[in-house]
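Both complexes shown next keep chain A, but they swap its partner, so chain B is in the first and chain C is in the second.
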Partner chain A sequence: MATSTLEAPRSTPRAAPPKRPRGSGAVGRFIERNGAYLFLFPAIVYLAIFTVFPLIRGLMLSFTATKLVNPAGGKPVGVENYEYLLSSDKFWTSVVTTLLYTLFTVVFSVGIGTAGALLLNTAFKGRGIIRAIATIPWAVPTVAAALIFVWIYNNEQGILNRTTSALGMGQHGWLVDPQYGLFAVTLATVWKLTPLVMLVMLSALQSVPQELREATWVDGATRFQSFLAVTLPHLMPTLRVITLLMTIWSIRRFEIIFLITGGGPLDVTNTLVVNVYRTAFQDQNLGRAAAIGALGLVLSLLVTVVYFIVEQIQERQESQR
Partner chain B sequence: MKLNHAHPSRRARALRITGIAAVAAIALAGCSASGDAGGTGDGGDAGGELTFSNWQFLEDGKGPIIWDAVKGYTGPNDNIELTKVEIPFANYADKLSTELGAGGGPDVMVLQDSQFASLVDAGVLEPLDDIADELGDSLNNTNEAGFFQDGQYGFNWERPTYNTVIYNKDIFAELDLEVPTTFEEFLTTAETIKSELGIAGFAGRHQTAEIDGWTLEMANWIYGFGGELSDGKKLTIDKAENVEAVEAFLETFESGVAPIGDDASTFRAKFGQGQVGMLFENSGVATTITSNPDNVVNGENMGAAPLPLANAGSNSQLIIAVNANSDNVEAAKDFVRWVLGEEGQTAIRAGLGASAMATDVEPDAEFLAANPWATQFLEAAKTSKSTLVEGFETESKPIWREVLTAVEDLRVNGGDVKSTLAEVQKSLEAELG
Partner chain C sequence: MTTTLIPTDLPRRRGVAAKFGSFGKAVLITLLVVFAGFPVYWMLGTSLGTESSLYGGSQPLIPEFQNIGQWGGFLSDIPIFRWLGNSFVIAAGTTILSLVLATMAAYALSRYRFHGRGVAGFIFFSTQMLPEALIIVPLYAIFAGAGLLNSHWGLVLADTAFVMPVAMFIIKSGIDKIPYEIEESARIDGCSRLRILTTIVLPLIMPSIAAAAVIAFFDGWNEFMFANTFISSSDLWPASVGLSSFLGQFYTPMNVVMFCALLFALPAIIFFLWAQRGIVSGLTAGSVKG
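Right after this comes the complex of A and B.
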């Protein structure tokens, strides 16, 4: 078994490479040399058309005064759109709203989803049915989910106010009162997204080696200590990825907010994306909407950079253990 | 294998020829397809397909009637095929503005007036002055809505006016109530209904989440009190009549007679079920409510009366217009001529119920007999006004949004109406220059 490589007879002539089939000629050689690029080509074209071009076009638009109905006729205005936005209270309120919505959505859906996954990973009777039921919100179309919540939040007939009334807690203007607006859209979003987190975390949990956990129990560790020592480190990469994805998705989320509150009441749910929609399609100001989009992109990039820094730190800490 | 390698050049040649033949076939098929589609000529003579876009095609009841009314149109030479373009109302303005801005879009379309003004301003609508000259006296004054920037770019397709109060006759009879004629009477009547029956005396939009519909309703209040958002040259957001209108609106909702948080579809359904006493409503909705056989309120027990305010209210103005970038402009214009003619107007009338149309074509006698309330809407349409802000037509939406956000703020947080509207005035002046 030892050193088979060294002991291999060096003098044995190498087998001749298989002859290329005739007729492939220059095309065949070209494919052989550039095969990798050819395989990448469709993806590069796709990205160029659907990501890079719109991004560049959007950035160019943001430096013009372009109207929706005349997209080719926008005059250059330099950084005027950015100046306007950065000095506008409404824009900064929109940024704060986006950050709060993102924070609450991510914390609650990742927290509840992970807890649900841990629960559904334990053995109990009817687990399969409960797992199936728990995924239903994710399967419900967003428009339907939004309508369901509009009914739930209805002032007089809504089940939420009927329940709070029955419990002696009075009625609340969930979609009318600014103090509840952000809560209303966050709750609907968390309801919709938690099952996805749960499914992802459940699949991650099922890949944790059972023998490692059993070994910690043999060593006298409690269940909680075993969770901290074995399960959690296994879950961390998945948890980091799902948190990043949920964060970026929440910054970009539009439909559920727009359908439930339209950005109201009193702009308390006017996130950056809703603001882009209103500016582009209601005010028909494409240039300014593009500038909001560009600033939103900066926000997403910042979040991504923070994520990678955190990931680097954690990986370094894990490798030092 | 042998065969393949034996004659590589012949094979390559054969492949090349096959390829060229395939490309040629596809190209020919393409030419043939575009030829079939027709509509490339600049006159109706060319024939082909004419696309007509209208969100109403998707409305229950009304949509099929309207499509049935127009689908038989085949052009002056019997060679035009009309195709409907169905876009839901929620996306209609966005989708059409984007398409037209990009040089595409349907040949003929029905537009809201706010969208119409922006599209004229962008130069994407075909001037229709020649049709206006031809049809002259047969058109009524509602077609002035299609005259913008010194040209006729469209005509009245439908004017559903909000300048009317509709009420449940059974409730009024039960409580022995008179139809209100002033704001004070209106509020007292609504309070009586609320206190006596425990149901809403009145309902209306009051949230920026429904900003387009609320614009029409709030304009009703503002115009009803004699207010306006501009004098044609400068904004007049904080003028005394506007302040009075907003105060009256807030007083109505503060009084508890109107449900807070109900959207339009909810309170309209409630009215249909006899759970709301009065609405300031448009003719299209009144037609829909009374034509629903499941409703308690029907053509017989729904009453309609002038708005209980001193002046006429607002209307929702729908305009039929032609895409300047259409491949078939002349055919499209001919379709508009047909719509405005006696045949078209009579055919469409059935679908538009009690709304005012481009000509004074009377609703069907049977419809009027079953829906006596309808004549009030036809009368009210003559005096009602557009929500476009005069002199600031293309900026109407942002102006109304600022005003309505301020009204919502006042409703939720309270405050001084005059100073709040003065702040809006100042902010909009700074914004619009």
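Right after this comes the complex of A and C.
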């Protein structure tokens, strides 16, 4: 499947390179000959300065005992930060929390988003308006969304507690009871992100070949059977990619968790990136924060590798069918 | 393409499915709309509530539109317009810088074959994987040395680093779709690459550029982590940081906060509804299909 690979360079229709450089003079010829690099140069240099260099600096920091008061550098301590983290319960809790948060967020947002897209793709009255309402949360700025949910979760005046007590399920400390912390941040995240999945899946649905579906109806298939035979295979590549992106984005998601629970109550929502931020700017320990960040990156990479392996296996199975 | 020769009276739904059909669908659609719409509706309702209706009793389920006059008074309590102005400057700067860098890079990756093309593409993609939290610590150290803390410039530079690669993929997929033959005749006439890019390619990829612009603007408008860390002066805060400063403070009434949140969200929502079609095609073409 051509659409399932994320890597930029793909075979695109392309004519042969121009036969003769067309520039005027030496400068023009230089530009013509090295066009690709000149066009690419600014962006690559930019990424080198603001992404690659800080990344390397961050890795170097992780081997030092740098404090926030003197961010320029602390004394080198070798792998001490890593040793500390790998033997600390708080760190491993953080890893588990990240994985749980990612799992729940991805499952619910991809599940609801895909189901919603299938629903909104059918014909009904007022579809345009309903589609707009269903996708609005994606446009709501994260900080605004966080404030709304903090108010919804409020102990005394929150609408969630009013609803649960009206339904006879009692009142709960959504933001103060460790039991509900992960639920609270996951619900808010799913609300914010499901529309994105829905938008992407809606657009994938638009390219499902209707002729094929109708052909299966002629052959006597039910809607559900033609969905399984035609629509679902057609959606799979997009579904896989959006799942991967949602996973990677969930591992690095910070704002909504930080703003709603700040990593609490009792660290139950202290995901790796929240942990990095708190270690750096609250505990003021930049060296250790950098080490947490580096281990977080390892986790992202692992997930990506697993994804690509799964994708390879699935594609092989699909091509054998 | 949708016209076919199939007779329309074919049985398409049978048995239980048919009975469930329209009613079940209506229920599901209602659930979806309530799930997505309720928090926004609640934000509006809170902003129209009075202190006694919010804290004394409980927030009414129907927004109290008769209180709309209180909105004017809220504006004098909080410098929300200054913060929104700061957000706008940061978002606009991020958009312009991202588009310039991304368009040139996208053209190179789409139209040239050269050594290191795969590596370059991978560098762009891998930024998707990088947690900002890993970068923020060294970036803070670098910015502190370069005098870029407490500056909108610093934020534009940091935000661009994360959204520019996304913009690049969106624009690249736009360029990929244009047949090369269109450029070829211009090459034969002796046009330089830069002129081809600006006069021939750019007008053709406007939808992709627009989609990338919306994504970049959203990113700059919403960004919180860098802004919260790099900007300490409240005059320079973007709205995201300004609003977050109310969290955990009990003396600011929720109706005022929600009114400010509404002012912050509304431009983004309107912009999104207006540009939705472009965003969707750009997103799917760019970040999803790469």
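The criterion applied here is as follows: the second predicted complex is superposed on the first by the 297 of 321 C-alpha atoms of A that agree within 3 Å, B and C clash if a C-alpha of one lies under 4 Å from a C-alpha of the other, contacts with A are read in each partner's own complex, and residues count from 1 in each chain.
Here, a contact is a pair of C-beta atoms (placed from the backbone, for glycine too) under 8 Å apart; a residue touches a chain by one contact, two chains touch by 3 or more.
Nothing here was measured: the structure is a model prediction, and the numbers come from that model.
Trainee: Going by the contact rule set out at the top, does A:Leu266 touch chain B (first), chain C (second), both, or neither?
Mentor: first
Trainee: After the superposition on A, what does A:Pro71 contact: first (chain B), second (chain C), both or neither?
Mentor: Once the two structures are laid over each other on A, A:Pro71 reaches both partners.
Trainee: What is the contact status of A:Ser300 with respect to chain B (first) and chain C (second): first, second, both, or neither?
Mentor: Touch partner of A:Ser300: chain C, not chain B.
Trainee: For A:Val276, select first, second, both or neither according to whether it touches chain B, chain C, the two together, or no partner.
Mentor: After superposition on chain A, A:Val276 lies in contact with chain C alone.
Trainee: For A:Val150 in the superposed arrangement: first (chain B), second (chain C), both or neither?
Mentor: Both partners.
Trainee: Once the two complexes are aligned on chain A, which partner has more residues of chain A within touching range, chain B or chain C?
Mentor: C
Trainee: Of the partners chain B and chain C, which touch A:Ala139 in the superposed model: first, second, both, neither?
Mentor: After superposing on A, A:Ala139 lies in contact with chain C but is clear of chain B.
Trainee: Once the two structures are fitted together, what part of chain A is touched by chain B and by chain C alike?
Mentor: The answer is residues 22-23, 71, 150, 157, 281 of chain A.
Trainee: What residues of chain B sit close enough to touch chain A in their complex?
Mentor: Touching chain A: residues 4-5, 8, 93-94, 97-98, 100-102, 118-119, 121-124, 207-211, 259-263, 266, 394, 397-398, 401, 405, 408-409, 412 of chain B.
Trainee: Can you tell me which positions in chain A touch chain B when the two form their complex?
Mentor: 21-23, 67-71, 73, 150, 153-157, 173-178, 260-267, 278, 281-284
Trainee: Quick check on the complex: what are the chain C residues that touch chain A?
Mentor: For chain C paired with chain A, touching residues are 1-2, 4, 6, 10, 12-14, 17, 25, 28-29, 32-33, 35-37, 39-40, 42-43, 46, 54-55, 58-59, 100-102, 104-105, 107-114, 117-118, 120-125, 127-142, 144-145, 157-158, 160-161, 164-165, 168-169, 172, 176, 179-181, 184, 187, 190-194, 197, 218, 221-222, 224-225, 229, 239-241, 243-244, 246-247, 254, 257-258, 261-262, 264-265, 268-269, 271-273, 276, 279-281, 283-284, 287-290.
Trainee: Would you pull the chain A residues touching chain C in the complex into a rising list?
Mentor: These residues of chain A touch chain C: 3, 5-10, 12-15, 17-18, 22-23, 28, 31-32, 35-40, 42-44, 46-47, 50-55, 57-58, 61, 66, 71-72, 112, 116, 119-120, 122, 124, 130, 132-152, 157, 159, 162, 191, 194-196, 199-200, 202-204, 210-211, 214, 217-218, 222-224, 238, 241-242, 245, 248-249, 251-252, 254-255, 258-259, 272-273, 276-277, 280-281, 286, 289-290, 293-294, 296-297, 300-301, 304.
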